[in-house]
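Take this structure first; my questions come after.
We just call them A, B, C and D in the order they show up, numbering each chain from 1.
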Amino acid sequence: MKLLLFGIAKDIIGGSVFELPSGSKHPKNVLELKHILVQLFPEFAKLSSFAVAVNSQYAHDDEALQINDEIAIIPPVSGG
Amino acid sequence: MKNTFIDIVDEIDTAQVYTHLIDAHSGGICVFVGTVREFTNNEQVISLEFEAYKTMAINEMQKIAEEATQKWSLNKVVIHHAVGLKKVTEAVVIVGVSSAHRDACFEACRFLIDTLKKRVPIWKKEVFSNKSVWVSAHP
Amino acid sequence: MKNTFIDIVDEIDTAQVYTHLIDAHSGGICVFVGTVREFTNNEQVISLEFEAYKTMAINEMQKIAEEATQKWSLNKVVIHHAVGLKKVTEAVVIVGVSSAHRDACFEACRFLIDTLKKRVPIWKKEVFSNKSVWVSAHP
Amino acid sequence: MKLLLFGIAKDIIGGSVFELPSGSKHPKNVLELKHILVQLFPEFAKLSSFAVAVNSQYAHDDEALQINDEIAIIPPVSGG
């Protein structure tokens, strides 16, 4: 499962794409993905918040994740 | 919506945006431009760097434009955001509407910029002489 | 006030106005443009004709700009009004401000156009196919 | 005493300047001038309102008028 990274998420993980370790269990929904990220990269817990987008739309915590979805980590936005 | 002009661009073209907003059924055009200012909390800013999740940013800007046209009677709506490195005085975002009446113009224009800042997946890094900071990332 | 740009002109030059509003200490620029619209109360307008008492109009616009800079923290203020014959879609008035923050931008810009409409000695004649009317002259 | 005329005032009187009849008594203040105008041109009474400017400033009804003042009739404004 591949994650697109932006803003500070790119700096935390060190790259613009992150592949979840192939050995690990795939997260079944957004909330599980968030937990995995915080475990792997504790810096995420220090952010004001972070969201997950699935196929270019904001996703709720209980939204299911499919292997072919385009999944992006959305740290606090600051456009404008 | 054919009267909506949404884009992520390298350079904001204010003249092009104004031309798009001109409309025979409108008595008013309201435009807000966000520009890079030299000082943030008394610290001198060298530049801002903007990064967008482009497909999603355009989706969200389109939704915001549609919400505005549902709330107010608008004839044209423009939302453009710049990406890349922007220097002091350069435009980073422009939102604008045209409408028969100025109440709708001002309220809708304000809604567009406020909502864009809350929802559109674009990130701003402030570059100072001795550090750089992703704005709003930390509490 | 050296950061105020007040004028009565034959043609509104939106690009020139925008250039004047650009400012290193401002994070936002808000502009309102009044344009000629094709229909007023369902009657088709051919053109508008504007006449100004120029010296007094400039006095009043200057006072309005000063009132705005007292109420809000503004870096630049522009008020330009056109005179003469204006066709559908043409700009007849432009007001704009730049400020560190967008609240001040929107509020001040709204104040400028609302107050201009109440006080500045400029008169508008609506020209229809079969008549012409000085706007607001009669109850 | 010469009056500058604009907008509908120009149409009512028929010209962009009006000289008060030389035989008549000069109005001593703005209110008197307004009364004279309405008497000479009853159409002024039908306007939503009208103001007088003295030397390019709005004048109150009790403002005194001097012979060399620049006096203008200001029918309801409609700029913007």
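One rule holds in what follows: a contact is a pair of C-beta atoms (placed from the backbone, for glycine too) under 8 Å apart; a residue touches a chain by one contact, two chains touch by 3 or more.
In this text the structure is predicted, and so the values were computed from the model without any measurement.
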item	value
Between chain C and chain B, distance of the C-alpha-averaged centres to the nearest whole Å	23
Chain centre separation in whole Å, for chain C relative to chain A (CA means)	48
Shared interface positions of chain C, touching two or more other chains	34, 113
Sites on chain A at which at least two other chains make contact	none
Chain-level touch network, classified as line, ring, star, complete or other	line
Complete list of chain pairs which touch one another	A-B, B-C, C-D
For the chain B and chain A complex, residues of the former touching the latter	34, 50-53, 55-57, 59, 81, 92-93, 113, 116-125, 134-139
Touch list for chain B against partner chain C, complex	14-15, 18, 22-39, 88-89, 98, 100, 102, 105-106, 109-110, 113
Chain D residues touching chain C - in the complex, by the definition given at the top	4, 6-8, 11, 46-48, 53, 56-58, 72, 74-80
